[in-house]
Amino acid sequence: MENNLYVSPSPHIHGGDSVSKNMYGVLIALLPALLVSLYFFGLGALIVIVTSVVACAAFEFIIQKYLMKQKASLCDGSAVLTGLLLAFNLPSNLPIWIILIGALAAIGIGKMSFGGLGNNIFNPALVGRVFLLISFPAQMTTWPTPGVFPMTYTDAQTGATVLTAMKEGATTLPSYADMLLGNMGGSLGEVGAIALLLGFAFMLWRKIITWHIPVSILATVAVFAGIMHLVDPVAYVDPCVQLLSGGLLLGAIFMATDYVTSPMTHGGMIVYGIGIGILTVVIRLFGAYPEGMSFAILIMNAFTPLINSYMKPKLFGDK
Amino acid sequence: MLKTFRIGGIHPPENKLSAGKQITGLALPTQVIIPLGQHIGAPAQALVKKGDIVKVGTPIAKAGGFVSANIHASVSGKVAKVDNVLDASGYKRMAIYIDVVGDEWEETIDRSETLIKECTLAPKEIVDKIAACGIVGLGGATFPTQVKLMPPPGTKAELIIINAVECEPYLTSDHALMLEKAEEILVGVTILMQSVSVSKAVIGVENNKKDAIEKLTSLAKQYAGIEIMPLKVQYPQGGEKQLIDAVIRKQVKSGGLPISTGAVVQNVGTAFAVYEAVQKNKPLFERVVTVTGKAVSNTCNLLVRVGTPIRYLIEAAGGIPENTGKIIGGGPMMGKALITADVPVTKGSSGILLMTKEESVRKPMSNCIRCAKCVSACPMGLNPTHLMNLTEFAEWDGAEKNHIADCIECGSCSFTCPANRPLLDQIRFGKGKVMGIIRARKS
Amino acid sequence: MILIAVVSLGAIGFVGAGILYLASKKFEVYEDPRIAQVQEILPAANCGGCGYPGCGGFAAACVKADSLDGFLCPVGGADVMSQVATILGKEVVAAVPMVAVVRCNGTCSSRPRNNQYDGIKSCTIASNLYGGESACTNGCLGYGDCVVSCAFDAISINPTTGIAEVDEAKCTSCGACVKACPKAIIELRKKGPKSRRIFVSCINKDKGAAAKKACANACIGCSLCKKQCEFDAITIENNVAYIDYNKCRLCRKCVAVCPTGAIHELNFPPRKEKVVEAKVVETSETENK
């Protein structure tokens, strides 16, 4: 019986955490927002989500199996997560063929060309989204107006989002209650503020992420937009609208906190969050695009290695 | 709010299966194998040869250097040979084999159970006696105790910290000792305080041993200067630097010695051994060993003579379970996997853990997803995944700059890693390499 | 409009070029042109087998040294060294061709495994932990640190024996594997005439009985080979025999007497022609000297 004992270096026990547990945890955290999007955007949301998730998973499987000749790692759930996040960043009336291109860009360019999970520099879902935004600006910036389980898809009635409306100088905005619940135009996953915050709470409870990145982003946006609002209340809306509109919450909670592309130390996370916050507000208020979250996150992704090399963990003995 | 160390840490399942089990003696084996290198530092030099007759407590090897320790016979009988043995290091090293005949003790050893509280020896005499009795740190590191009690010039001891944390899952030998030998331990602590001329001692106990805390606290009133401090359960609190941080809120500087904070840390088992050595003239030749594991039928805390093959201990605990996959000398976080059950018990053996086949096999590793959970877990404030990358690519300069030499090999990083990456395997190797480079540069 | 752009950009380019030219003149470091010439000839493998940091380092050292004695590019061999000597106008020092030899023959069948290693597949890390999967603590672990270290794809782990094997046609005797092996099993030995060589394929230092118990093919230090050797080439130290390749005349008597088969002969024709071959070998050996 003693023969063939296993011998390995310590430690001999493992905490039981796994990559897939974390990925599925994030998927669960996205569920409330998913339900909100189905409620307000109905059939269109369902088609976009299913297409995006299936396409991302399929592209990952095909690339890993036939191009990289590796064992496919679909089960870790990261491709499904990328697919869902990509769908959340798209309008619910986007034609299927455009979604497929977006999924290919997200998985092919954003993830696999760097060597797969763990090696990518930029958030894959955002790479896909920005790729589409630049390639198909018209389709990507016409958002359906929300309804109650509408059974429309590409034929949906479209309207402006809060941010585009503000850019164009509109004065009437949806009420705070609508913004919190998600009763406004926008990408399908970004509208329900309360649902997204529920997901945030879930991820904090499951210790999937720490508070540092989302809180520093939101605080920076609130402070920066608040200062601008005080300087000129007519030109710049109040910070609450900034916080609740566009992809800010979705980005801060789910996109910027992507493990692979965010800094490793808490200090680094705060620097990264402040960077994203400032860039977002700058793009929103002074840039050509109404929404700056995706660009801000991608730009700060590029700075992540630099932040990592400067923001070292606090060494024992330095206190 | 209970105190604990301030950086990192994890909380593995405690699994203290043998908690509350009384310490029981173990029948003598037919032969003991006493390795000459069972402490940190130079191996001891054998004083006996084949055919010599020894009694329990007879010195059989003398310290082989300043950092080294004497070794005494743990049984009476005849020296069978001085030869190689495959010990817990996984390599063959020299050991003294003694065939057991009867159980005759040296007359100088006081075998009575009476508690002797008075100790009138001068510090130097105490340290000499500890050195003569071959006492080493019994927490597992086996650093010769007398060396720690002689602070290097320019440093001064201010207090004694007694490590009764036992943060390793499964192990309960210190816990059992505290319940049964509380008075002796307190006297031992007093002697340790005397030996370095300090008037304060803190016994740090993790809060999962409430009965021991209660018992020690009620008894400690009779002893001046001893405080019992319950600590929050957190691994690796038993690390010397972590314990100092938890108790007195001072962190040892990178590369510095623990004594720079004024604290002398000793294990609770060591305090008991010091009591026996100084008051009872008893050298260190037996210790309490926990035999445990999820499939073990009779987990227990055994009082075992040094040199007993662990096979005897496992048999006393009900034999080797059918699906045993791994035998570990020590706890699951820092213990060493053994190749056979013929490895002898040494002064540093705190436990034997039998793991089932399913528990033993590591899960396949995948790519690092840079989740930084290892960074949060590291109690030394290092970046384990970065260090692993650096050592994989043999970037020794970079590894040194990122303080790889500070790693205490606690395994918190590998434990937390969701991608099952064997971070510590690689870092331990890199640490050895970098320490070698640093030593070569100094000489 | 276009003219302004062309002129201004041209001017910037011109000024920049001037600055670069001046800087390159001012900060120029003189380098012996022969270093570049020598480097041209070297194989550019940068294996470090010569003991210098890469081919550039070796070239610089060759140029600087007074004589080429002791300088050998193990990859290029005598050929390259003679070319180097011509460029530098220095004398050629003949070098003996060497080859890496794996001194372990404890195959999976002769050396039963009594435990399973479950850590990172690296010899260095495994050997830091313990002696290995068999009872022999000196033998080849077979996780392939040498394979990784070899820049020439000349060493591989044989899946049936579990031991590293050298492809002597590819081996350049750079010595990278010797440094990589944590058990010091690999040795550089004289390649020998017609690649014929004899060596003890075991380095275990245990006493005979223990060694034999751990591995059927172990050297048990019995001294039979030593007694048989007429040229005083075999020494026994720490219970293991070692054949001095400078003294060995390749007579193969030791191979015949070894009770465990630990002494290996390579590239010899079948036994029958033993006497004739031995003579041929002897003469070629003397010619070499």
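The letters A, B and C name the chains in turn, as written, and every chain counts its residues from 1.
Keep in mind that, in the parts below, contacts are C-beta pairs under 8 Å (C-beta built on N, C-alpha and C of every residue); 3 or more make two chains touch, one makes a residue touch a chain.
Remember, it's a predicted structure, so these values are computed and weren't measured experimentally.
Participant: Farthest chain from chain A, going by the mean of C-alpha atoms per chain?
Facilitator: Of all the other chains, the one whose centre lies farthest from chain A is C.
Participant: Look at the interfaces A-C and B-C and say which one is made up of more C-beta pairs in contact.
Facilitator: When B-C is set beside A-C, the one with more contacts is B-C.
Participant: How many Å are there between the centre of chain A and the centre of chain B, using C-alpha atoms for each centre?
Facilitator: 48
Participant: Averaging over Cα atoms per chain, report the distance between chain A and chain C in Å.
Facilitator: Computed value for the inter-centroid distance: 54 Å.
Participant: What is the distance, in whole Å, between the centres of chain B and chain C, each centre taken as the mean of its C-alpha atoms?
Facilitator: 43
Participant: Using the touch definition from the top, which residues of chain A touch two or more other chains?
Facilitator: Answer for chain A, listing residues that touch two or more other chains: 5-9.
Participant: Provide the list of chain C residues touching at least two other chains, using ranges where the numbers run on.
Facilitator: Each of 114-115, 118-119, 125, 128-130 in chain C touches at least two other chains.
Participant: Using the touch rule from the top of the page, what residues of chain B touch 2 or more other chains?
Facilitator: 90, 336-337, 339-340, 360-362, 422, 425, 428
Participant: Show me the residue ranges of chain C that touch chain B in the complex, using the header's touch definition.
Facilitator: Residues 114-115, 118-120, 122, 124-125, 128-131, 137, 206, 210.
Participant: Quick one: which bits of chain A touch chain C in the complex? Just the residue numbers, please.
Facilitator: 3-9
Participant: Which residues of chain B touch chain C in the complex?
Facilitator: Contact set of chain B toward chain C: 84, 86, 89-92, 336-337, 339-340, 360-362, 422, 425-426, 428-429, 432.
Participant: Sort out for me which residues of chain A touch chain B in the complex.
Facilitator: 1-2, 5-15, 17-19, 21-22, 73, 76, 115-119, 210, 259-260, 262-265, 308, 312-319
Participant: Which chain B residues qualify as touching chain A in the complex?
Facilitator: 6-7, 10, 12-13, 90, 169, 241, 245, 251-254, 256, 320, 322, 324-328, 332-341, 353, 355, 357, 359-363, 366-373, 375-376, 378-383, 385-386, 402-403, 406, 409, 411, 414-420, 422, 424-425, 428
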